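Sending over a structure as structure tokens; questions will come in a sec.
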Amino acid sequence: MDVTFSLGLQDISAIMPELAMISVGLLLLMLDLVVKRKEIIAIIGVAGALVALYGTVSVYGMSESQTVFADMFLLDKYSCFFKIIFYLNVIFTICISFKYMAIEKAAFGEYYALLLFATAGMMIMASAADLMILYLGLELMALSTYILAGLLRKQARSNEAAVKYFFLGAFSSAFLLYGIALTYGMTGTTNITDIATSLFTLGIHDSPVMYLGVIFMIVAFGFKVALVPFHMWAPDVYEGAPTSITAFMSVGPKAAGFAVLGRVLFEAFGSMQPQWSAVLVPLAILTMVVGSVIALAQSNIKRMLAYSSIAHAGYMLLGIIAGTPEGLTSTINYLMIYTFMNIGAFTIVIMLRREGFQGENIEDYMGLAKSHPMASALMLIFMFSLTGIPPTAGFIGKFYVFMEAINAGYTYLAIIAALFSVVSAFFYLRIVVYMYMKEPQNEIVLTTSGPAGIVLAITCLAVLIIGIFPSILLSLANFSILG
Amino acid sequence: MEDVIYNNLNYPIITWTVFLPVLGAIIVLLLRSATAIRWTSLIVTGLTFIISLPLLTGFDKTTHKMQFVEWHQWIPSWGINYFVGIDGISILFILLTTLLSILSVLVSWKAIANKAKEFHISILIMEAGMLGVFVSLDFFLFYIFWEAMLIPMFLLIGVWGGENRVYAAVKFFLYTLIGSVLMLVGIVVLYFTGGETLNILALSSEQYSLNLQFWLFLAFFAAFAVKVPMFPFHTWLPDAHTEAPTAGSVILAGVLLKMGAYGFLRFSMPMFPDATMMFLKPIMILSVIAIIYGALVCLAQKDLKRLIAYSSVSHMGFVTLGIFALNTQGVEGGILQMLNHGIITGALFLMIGIIYERTHTRKIADYGGFAGLVPWYAGFFIVLTFASIGLPGMNGFIGEFLIIFGAFRAKMVYGVLAATGIILGAGYMLWLYQRVFFEKADTERWATGDHKVWDLDMREIITLVPLIILIFWVGFYPEVFLSYMHTSVAHLLENINQTNYAGGDHLLTRLITGIF
Amino acid sequence: MVPLNWYIILSAIMFSIGVVGFLARRNLIIMFISIELMLNSVNISLVAYSHYLQSLRGQILVFFIITVAAAEAAIGLAIIIAFYKNNPTIKVDEINLLKG
Amino acid sequence: MIYTLIPLLPLLAFIINILFGRDYIRDKAHLIAVPAVAGSFLLSLVAFAGVLKGEVINVNVYSWIVSGDFNVSIGFLIDQLTAIMLMVVTSISTLIFIYSIGYMHGDKGYYRFFAYLSLFVFSMLILVMANNFLLLYFGWEAVGLCSYFLIGYWYEKKSAANAGKKAFIVNRFGDFGFGLGVILIFLTFGSLDYMTVFSGADSVLGQTINLFGYEVDTITLICLLLFCGAVGKSAQMPLHVWLPDAMEGPTPVSALIHAATMVTAGVFMVARSNPLFSLSATAMNTVAVVGGVTAIFAATIALVQKDIKRVIAYSTVSQLGYMFLALGVGAYSAGIFHLYTHAYFKALLFLGSGSVIHALHHAKHDDEQNMEKMGGLKKYMPVTYWVFIIATLSITGIPGLAGFFSKDEILWRAYLGGDLGKFLWFLGVAAAVLTAFYSWRLIYLTFHGSYRGDPEQEHHIHESPKVITVPLIILAVGAVAAGWVGIPPVILEHADRIGEFLAPVLGHPHGHGTHLEEWLVIAVSVAVAVIGWLVAMFMYIKKTDLPEKIASLFKPIYNLLFNKYWIDELYDKIFVQPVLKASDRIVLAFFDAKIIEGVVNGIPALIGGFSKKLRNVQTGFLSNYGLAMAIGALCIIGVFIFMR
């Protein structure tokens, strides 16, 4: 099944956004040598992302999806939806990084370049039509984030985070590869659609080896989206990494992971849906329980948000478990919402960081409402959104996944999820309690910056508007439904 | 589309009523000076009240159908719409809410010094949420309002409350949330069994299998029983009530507690008649327990505010008892008693807040002989005391009598047991009154020096008088209020009594069969 | 000629050795090597499959893996060095600043 | 209709006084209250005249509570019975209002006093004018409210506050039954209107109702429930305990509420619902026995009390017992007759004692009511003395005075009432002896002999002012003449006006005896009255040391009586304390705080603890993380192998 390969124009045009990202990233690397003021680099980075965004949006409305590079690369609405998440993610991250990296004395140009590379990796993952490309994109993303996690060379925490992330990441990608190998061996192809067909033609969708392959891939993807028990890296890395990167990682790789999880499970192994659903159910339960329960005991907000992101991964998984296209829609819908509320929360966290003050302890939020009513009001909104209280977007996300889970007959999962969302409410509330109901210990100075302000404005508005008029997002998500 | 009466006024009255407070909140958000904020919120709440008045005048008492209905598409992909309207069951609560909101702004005039802006925003959002709950005819809309209220209430208790406020606030929030999320699951299940719609009227006209009804009833019960609160889910109430600022307590007692009972009337009963029959007995028993239990606890209370809080448990026990008596007198009495309890207990909390501003103590033991110190205050208080005891001529009597009548009719023993609550009620209220107002006053503590207590001032009297008037109005001419609910209640009851539930299928066996 | 299964079994064994090595050894470098071992086990199986299936995809993927592994090595070692600068150890048991 | 003004005038007075009394009217309060009540007195006269002409008014003003088939109106019924009650209430109220002008003069709560008093009159009038049971219940509770206010009028005295509370709560016990009775009436007759209920009474005869497994005759149950209310309101055994304490209130209150009007509401109510009671022998007998027993029981306590007002209070309880005795034997008109005469002489007694207290109010506090610290007041306050004498003659049933006719009627009817009747008659006679004794004892201790208070107070003692004495004199006239409307046929034919007058409502008492028997009964009652008088005279005039001797001789009995059979203590021990303790120690401290709160706070605590444990899984060691992943993967695989 060797294909005659010819590089056509439509191939290039299809990967324009990725190309834009990567080339701008390279450009930044070079500029870094000559340009002293890193803001300029950052702005160029944002510009690059915006260009890519434009490219994606311009093809979003296309009628049918197109596969290029000999069925290696797939440009469809599904991937476009995720790419938009990635753009938002990287743009927000860059915006909140200006001041922060300066404070951390780590204002390198590479930083921005790496962000763009990582994003490019995610985009490739989202568009991968072939396990090979998927692997490459994943590694591009992973390798860049390893470095970003360890960017603060002077800080032991950052180093350790990098080490842990790197080793476990490599470990997990080995699993992925083994899974790919098994699948390739059984089906004779690595192309996702072909896998589906040959599963059908060869009638091997319940051969144990196929199970092994699927399970190994699930392990690898589960690592990226931090499902229990493959989540262990998350808290440590989130805590150790620079906060801006934590924000970046809490959304990007997770989204990418879900993108490929959905893509592979639904398109390649759709015929094995009962089996992999059965695998995911216990994972989902464990993830929700562990995530929300351990978060209760945290005193470091970055760590707490890490566990909260684990718990959220559990909720998102419900949609995939449902195994229906709508289910997947509910998940990607949740991801988009999660992007806004989580980055919003992290923006506030970053604002607390200033010269000689970490501002990562929950106690540091005591009486924030007195000195900074606006910021704490925003944090309040984000916290309630993460809890899933209407009229915030978080509720819409939860409601949709619950709906699909119940529709697919997983009522008990929905009940468990609901109950543990109450548990998680407790630690989100604690932030609110500290901000509003405690007296300030020492006066708090927020390091505000224009871009950060913009990010806050956008995320907050998005959270509220989506919460009150969900149709906007829902129609987009339904429009981007897989297949 | 169901048969409803669309709003024939030339403006969307319900929408205005519900969202004017939100608008007010936004305005307040932009204001700087505390005085301006206070006046704005006073004006906004006042306007809301005025706007809501046409609901009363234009209401058609001859039909059970939803009135002033507005219908707009909202989330087409889920078949969810912005669908609001009122009927004889909800209308009175809307007026109660708009009225009490004004009073709670008035009573906080001096009491709330710090974070005045946040406070008034919370109050206004709160009002919008409460109104929304009563007008929603779409489950999704209902749930959004139902939950959205938690946030401002949480802040009201936690930020402006007493010493133990954080505990109380968190307890309130989580306790209510648990019930709500279970209801959410129930709602979603209903969504799929009811044909992918959350239109309450449509869902109410559906028939559900007994097993489904059973579980859904439980899910909804979790939410409503906590809100009411029914024994034994009541312990969040005393904490919340006691720690909340006066305005918070007033809103809690006045409106929030009503939503549980309202939920039973609006959802549980029409949608799950068979399950209602199945749960009738346990719920009535719980209600009777609540009546007596609450009263007994009141006898032992040393804390002024806590005592009133527990009396709410007792009174709400009457309400649920009446509602689940499932006969006209019981249900109408129950609804009326909700209104009464809102008025009386709301006013009592106002009174306690007023005296607390002067004495800064809630310990009953610190009081005594206040009748001599603050005669007008004592006068208002005695009226409320006897209203809550249920003295004829005041609103408490009408409600309690109808409820006991209904319960007695439904099942004699419950009526008899509930009636004992009246004796106990007289016991604790009069004893409270004696300990606070009678006997020798500690004059050198209260009549002199910086603790000198002063009698009601004009603002406070203005705050209280409307409620006092209502107390006697309902007491002497309840028909004004009852007449709104007659047809709706009749319609509700005939729906329930059409149930084909044979009984006999005992609750316990159902539980077991349901689980396995 | 050697049947396919032998290659598969070989790669499986190598993979398991890699896993065990990663879990059992306490030295970062050796752990890193075990990971490389796992990757190479995958390569073996891929090549075997590719030969057996008479398709090139497997071998292409192998090239990719080798390249990526090289990049990984570079980054990984860099990270280890950066780490070593701050706290001079490569024993994993001494790396638990972040926990709980 | 004009008659609605009868209750409304006092209500108006109340509203004006309570709103403006404190700041504007102050000591002019009577200028509003007295005319109002006088006005309703005049109106009642008109109404009475109307009824005499035979016009019975029954109107609904507006429908009060409507809910489904339940429908009850605010409406008034003025028939013979109501007319009598109107006369009694308004006339006595008017006199007592006037009396109070003097008695309460200078009290700092003057306006409050008149306000409450007016409110009471309003409630009492509603009670008697109601044309349905629920409105009756309204008045019933409202008078209770007023009595609560007025007993606790001097609220700074703990005892007063307690007494008020006690009165209200004890009454609630009765009302508990009454209320249920009302509900049961509606469920049985489908209405609460007197007319509908009474006309339908015969139709439900024999109907039974299942009460906790027992089949009970509906009518009997209804009557007994109603009677619970009567027992509470009219201070019969076992709910009599509140009345003596109620003497904490100002004396005019005791006279008006706790002697003349409110406490007789029970009698009125039972008489009013006589069509029901007549259908249930059980209920009738219960009423009769409770009445008879109370009559003698209270009388025994009155023998030894020292407080002048308490003696009269117990005498009231005892006299109320007589009335119920009458009702119980079916002599409703006799009961109402006694109610009416009793109103006058008992009010007179109270106001007289009030005059005494007023005279002694310079005396050291808490002595002003203690008869042992009185004596020889005759020469200082002759008017008071003589009205006291008249009242006493009347209550003890000396022929020609009011008390004689009514009491004699009751005893005669009891005598005719079969075996039980004989027994009751005996009780009545026995009570009569005691009544005579303690009444005269009171006179002798108070007015005869020499002053026993502290000497330097003696010259302060003075006759009360006109505003007090004039009402006394008027009442005295009543105490003499009130009975002449009910002269039994045996003495004077066709002179039993009141019986005839009330017949349309209360019917004719049945049972007939020979004239000889009737004369005998009269003779006996007169004889015992005289005996009691002589004994008292002997003990308190001739041998003044005798009482101590007897008291010490029968110490235990004396203590038993003096401590009112320890009934208050008993109730406290078996009802009040246990409930309070249980609610505090068990319900609140244990069940609410430990069990429920334990669960509510326990679960979060549990999760929190679990979380602290669980976070230790996150050891921070790279290898463990890898291990977790590997084991995770293995588990999943294992599950799958297991599944297939």
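Per-chain residue numbering starts at 1, and chain names A, B, C and D are given in the order in which the chains are listed.
Here is the rule we use: contacts are C-beta pairs under 8 Å (C-beta built on N, C-alpha and C of every residue); 3 or more make two chains touch, one makes a residue touch a chain.
Not measured: the values here are computed from a predicted model.
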Innermost chain by mean C-alpha position: B
Between chain A and chain B, centroid-to-centroid distance (C-alpha), Å: 43
Computed distance of Cα centres, chain D from chain A, in Å: 80
Chain A-chain C separation of Cα centroids, rounded to whole Å: 26
Centre-of-Cα separation between chain D and chain C, whole angstrom: 98
Multi-partner residues of chain C (at least 2 other chains): 22, 31, 95, 97-100
Shared interface positions of chain A, touching two or more other chains: 163-164, 167, 171, 235-236, 297-298, 426
Per-residue multi-chain contacts in chain D, two or more chains: 604, 615, 618, 620, 622, 626
Touching pairs among all chains present in the structure: A-B, A-C, A-D, B-D, C-D
Touching residues on chain C, where the partner in the complex is chain D: 19, 22-24, 26, 31, 92-93, 95-100
Interfacial residue positions of chain A with respect to chain D in the complex: 163-164, 167-168, 171-172, 175, 208, 211-212, 215-216, 218-219, 223, 228-230, 232-233, 235-236, 275, 278-279, 282, 290, 293-298, 423, 426
For the chain A and chain B complex, residues of the former touching the latter: 369-370, 373, 380, 384, 389-391, 395, 399, 402-403, 406-407, 411, 414-415, 418-419, 421-422, 425-426, 429, 432-433, 436-437, 469-471, 474-475, 478
Residue ranges of chain D touching chain B (in the complex, touch as defined): 18, 22, 62-70, 74, 134, 137-138, 141-142, 145, 148, 152, 155-158, 161-162, 164-165, 168-169, 172-173, 175-176, 179-180, 183-184, 186-187, 211-212, 579-580, 582-584, 587-589, 592, 596-597, 600, 604
Complex interface listing, chain B residues touching chain D: 171, 174-175, 232, 234-236, 293, 296-297, 299-301, 327-329, 332-333, 369, 371-372, 375, 379, 386, 391-393, 397-398, 401-402, 404-405, 408-409, 412-413, 415-416, 419-420, 422-423, 426-427, 430-431, 434, 437-441, 476-479, 482-483, 486, 490
